[in-house]
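The same chain A turns up in both complexes below, where it pairs with chain B and then with chain C.
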Partner chain A sequence: MSTAELQSATPLATPPSAPRRVERADLVRTMVIAVLLVFVLIGLPQMLSVYYIDSMTQVAIYSVVALGLGVLVGRVGLISLGQAAVLAIGAWVAARLLFATSLPYEVVLLASGVITMVLGTLVGLPALRMRGLYLALITLMLAGAITVALASLNFPNGGHGFSGYNGTFVHIPSLRRPGIATTDPAYFRYSVIVAALMFLLVLAHVRTRPGRAWAAIRQSEPAALAAGINTTLYKLWAFALASFITGVAGGVLAGAVRYLYSIDFQTQDSITLLAVVLMGGAYSIWGAIVAGLLLQLLPAILNNAGVSPDWLIILFGIGVLQVLTTAPRGIVDQLPRDISRLGRRLGGLTRRSAASHGEAP
Partner chain B sequence: MSTYHVVPRMRTGFVLLAAVALIALTGCGSSSKSSSKSSSSASSSAAGSASSSGAASTNTAACGSKAGAPATGSPINIGTIDTHQPGTDFTDGPNMITAYFNCVNANGGVHGHPLKLFVQLDQTQPSQVAAAAKQLIQSDHVVAIDGVFDLLECTIDQSFWKQLGIYEMDAGIAPECWSTPNSAPVNMGPRYSSDGAVQYALNSVHASKIVFVQSNVPGTGYIAGGPAALAKAAHVPITELTENVPITDASSVAVNLVDAAGANGSVVLNFTPPEALVILQAVQKLGLEDRVKSWGCSTPCDTDFLAKALGPKWNHKLFVNAEAVDADDHNGPEIQLYKAILAKYGSSVAGGIGSFSQFGFLLAKFLVQALDTVKGPYTMKSVNAAIVGIKGYHSEQLCDPWTYGKLALHIPNNSDYTVTPDNGKMITAQGCTQISAADPQIAQYRSVAKAHGVNLG
Partner chain C sequence: MIEVSELTVRFGGVTSLDGMSVRFEAGTCGLIGPNGAGKTTFFNVLSGFVRPAEGHVRAFDEDLLSMAHFRRARWGLRRTFQTEQAIESLSVYDNVALVHEHSKLGRANRRGEVLDAIEFVGLRDVAYVKVGTLGVGSRRLVEVARAVVGKPRLVLLDEPAAGLPDAETAHLGELIRRIPEHSEALTILVDHDMSLVSSCCPVTAVLDFGKMIASGPTADVLRNEQVVRAYLGAEEFQ
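The block that comes next holds the complex of A and B.
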């Protein structure tokens, strides 16, 4: 949790004149976000080729997945390495419902979120007893188990039965999209709106009682217990929220790619996801967007330039090392600071240069 | 100097470095109109290399209409999408097409126009494959899709090609490569190749039982559908098995296969060479190679590498389906041209002579022949009309003439060879044989093709 958020959670520490300033700052921030959102929804699809529109749709989806992991890692301090498997569950449920029913897409998203939330919370049960490396290991193993199960079950392809998979098809039907978003630019807008709603949902949690409880648990679980916080409830709550939004993201992913394969959901993807979340900034909501950009836009740019995206794994390794040693709050915190520091330095140089010219005869 | 002072400088340095790298990458992506990896060389450089080697020039001159005259017109942009990831690298196919294009460009081009291949690589991600197709059309302005060697592409993009009126030519794997109107492959793929291997066991070895085993990946049901239909038509029992890859306990797999087939049965494998080799070496180690009537394998086993690795014990015991002629075993003018182009322009074809480069050669050859028939400008419409109009193109490498045509499905390569190891080399065991129409897909294709007047060989 950022300092500002912690301050807003402890009103006694705030001086009497501060609320008006905070309100004004909040208003400005909200307006900036609104303008940015309007630009992303209207301006960006006009500027980008369909290749990059598809990539930005993936950015929107994976920003939500990163946000879910950010809730666990950044807010509660729980290292989960099972989020890619949770995403796969969401995508599987959505695909099954899309093939089996004619339910509105929004209902399918909600249902995949809720079902994934139930399953994801089960994955989170070990978190009640362990933290750190052991929790990471357990969630990784569970993710591996889910990946193996999905590989055997296969993703639905329009077949019948529980799995909805028919391996004998010579023509695999594609997954449908919502009627209002059948084209790629329209689906991009749809994905951004769903992502924005998921961000608002998380923000609503972070700014209220659960957010304060998570911050307390992250600082010290015994202290949180001593303060009367139901740590079991709030830890499971965090897993439920992260799983819900990841499940919804899985549903959006199903419509984006239109064909799902178990090979696209590898256990090791969760490790890469954690790396980009740490690089982006696990403590900030904006960090999730940076993580989405790193995970989906950067490979698209590299691919477009004829460079294999496989190299990114090295870049991410260096990035995580850099972030952990010099900027624990991630790029989202480091970049503005470094830019302003650079600006000050350049400004100083300019002033010195002007002064030296002025002194010259 | 304290750490406090060092760290901010490091951070600024890192940020600057990262920013420069990102700007450079973005610049690469946006400044160039041809944003895919364009792997065709300019006509001048191709011409330069052509003139540097007299002997090779004589051999490769047949690929173009004007020997030794470099093409100088506006390029004809062609696109392809290919799987390239650790463990699955299909880039030999597009690299061979590039080699062929370079040869054509150095020898007059197509009516004076050089050919330029835009290659999009994917890592088996549906979103990436879909985006690659859009990139080729919208940013690279390709007029045709030729030479797709991809695990998913036919499934993902077939509706997009249909919408644009594009008729792709490929060497596919996904079922839609054969079952849709806008795709026609030069290869037979896993299903029909497995059909060929099972057919040999049924008709030539007269096996009383078939054990068909393949890797446990999506689509196994579709592949097994063909062999099951052939066995049923021959009233021979068939056992279909799948194995998780990579195979970790080859000995138990070998024992299970032999037990399931019995003394008069045949085992047919549908694996890539490394996995097939692991199983066959385990069979040999346990001395089980003679405990069944015969061993069979689909096309991927058709490599000298496998024949060498297995050794003489497998001579005439393993029968491998071959979708194209064995290039080592034949020496007609087309095979000579293929080898000459490979030698002169194919330095990036890592596998050298082999089915990937043979299919790449065929895809390039058929496209160039089709482009030669275009009257007027090379637009998406005119080029694709020429492609879909391909009818009865002959090749030394295929059993039957190759036809596209406006058909509901395309299995133009539906007759095959059978090869067998012979002292470290694969040699022909059986010449051209039509794949049985007991496979309902083959029957459907032949019926549709016959109705459209396609010569089925």
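The block that comes next holds the complex of A and C.
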């Protein structure tokens, strides 16, 4: 009886063979991504000047940072304003290890990922008790504290002791890079490969058990608990994953700039980061790449054109406003829709003009 | 079998459950009462969302209240919510699999058991569709599928038919009547639709202002003078 009625009432009824088709779509997507990756690794460095290669390295690094925040905000619904500080921790740890040891670069990246994971999860502890504005505020305060602590500690420059900083150095050694990636184009490729691995790691999470648990927690904690999900564990897991990949990104950043103390890590960077993640699209993996481009390529282009990148804060402000009011899924979701709408409208125009031409004779 | 003794819940000055005592033996049992009687609060105590001031609950000879809330699902407690809580961003399949993968059941038979629950509620054709695109009726069925997947021991249904058209309520009633044979779970049905409760539940208990005022065979309970007065009183206030 009503079984049939119910089913006919549900839109988008898909036959049970759906998974097979999903698999085929996945295959196509994987191939497109592979081609894109090959182009970025081989074609792009040949087309760009060193200036832009360096900023694309930053794009790769910050895409990973944005991805980490995207996991927290988009997948679990936890607003963190501490991610730039977590990145600074990763960079600090990596720099200290690079000066203190002769470990292979990959091992240093892994170690800074793991150490940052432990510290970043501590930043996430308040998330077990609060959400929304209060969580945002408390993570911002923690980030402020970390930034102040790191500023007074200074970034390692080859000195001794825990901080590895020696203020009396005249000749300051640069941070080493991996042997296979000492030049800027090679280091760019290295960064992209590390970033791709981090994206895969996140994908492996969101597509499986933790991703389902996070989706449940984001929508309704009572429903998640009633489904048997240990919400505490999975929230900490999200912070651990985000901190791990952000720590690895910090390690890549260390080798990219080579003199870490020369960049400011500011508390407010976390706020800008959240803004671009929301603009790019917090619910999508691609949104993280858009966020990286907004955050690092756009300022480089403006700089090159002689415009102060400070103006971007206004653009980001407008962008966030627009996202929050009209396109909550971000640029990644909106742009294709805008393009197809434009396409339809253009199509409509040409058809109409064709029709009026047809009437003329 | 679940035995509730002297359960009391207070929210500030409000006493939502006031020394509630009742036994639910087996099969599908009704729990009715006017709005604000404490039915959802009772379910929230069983789920572990609300800590009672006093009282005990023994379920299949275990102390339910001493278990951490998220472990109760693993133990075999399932529920639906008065405001439906199917996870919109996941497919029907993933919604049900979510419960299965946090239960005691192994992953070997997961796919079959999840699809079996989806089949049971009649959503096989939309198994891989995102829940967010489905209508209210289907979403409620997703919740029922989550409640019956695997081997639940205690299923709590909180007004599953609220807001559904008659045809969908009839389908739901048919499913609820089949839950005991499908999963052997003790099922407690809360609903305001008396014909649904009568047709699904051989026995029914009645809550009013946090106290049990009657329990027994459903037909007798519905004729009980105190029960009629409780409902009439509630209607007078509305």
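Definition applied: the second predicted complex is superposed on the first by the 344 of 361 C-alpha atoms of A that agree within 3 Å, B and C clash if a C-alpha of one lies under 4 Å from a C-alpha of the other, contacts with A are read in each partner's own complex, and residues count from 1 in each chain.
Just so it is clear, contacts are C-beta pairs under 8 Å (C-beta built on N, C-alpha and C of every residue); 3 or more make two chains touch, one makes a residue touch a chain.
All figures in this text were calculated on a predicted structure; none of them were measured in a lab.
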- Should A:50 be classified as contacting the first partner (chain B), the second (chain C), both, or neither? first
- Once the shared chain is lined up, is A:141 touching chain B (first), chain C (second), both, or neither of them? neither
- Note on the structure: Larger residue footprint on chain A, choosing between chain B and chain C, goes to B
- Task: Identify the partner contact of A:231: answer first if only chain B is touched, second if only chain C is, both if each is, neither if none is.
- Result: second
- Message: In the overlaid three-chain picture, which partner chain does A:174 touch, first (chain B) or second (chain C), both, or neither?
- Response: first
- Dual-contact residues of chain A, meaning touching chain B and chain C, are none
- Item | Partner chain A, residues of chain B touching it in the complex | 7-8, 10-12, 14-16, 25-26, 28-29, 35-37, 84-86, 120-121, 123-128, 130-132, 134-135, 138-139, 152, 155-156, 159, 175-176, 178-180, 217-222, 224-225, 441
- Task: Using the touch definition up top, name the residues of chain C that touch chain A in the complex.
- Result: 47-49, 69-74, 77-79, 81, 85-90, 94, 97-99, 101-103, 122-129, 133-135, 137-138, 141, 146, 167-168, 170-171
- Item | Contact set on chain A toward chain C in their complex | 1-3, 5-7, 9-16, 18-19, 22, 209, 212-213, 215-216, 218-220, 222-223, 225-231
- Message: For a test of understanding, state which residues of chain A touch chain B in their complex under the given definition.
- Response: 49-51, 54-55, 57-58, 154-155, 166-172, 174, 184, 256-264, 300-310, 322, 326-327, 334-335, 337-339, 341-342
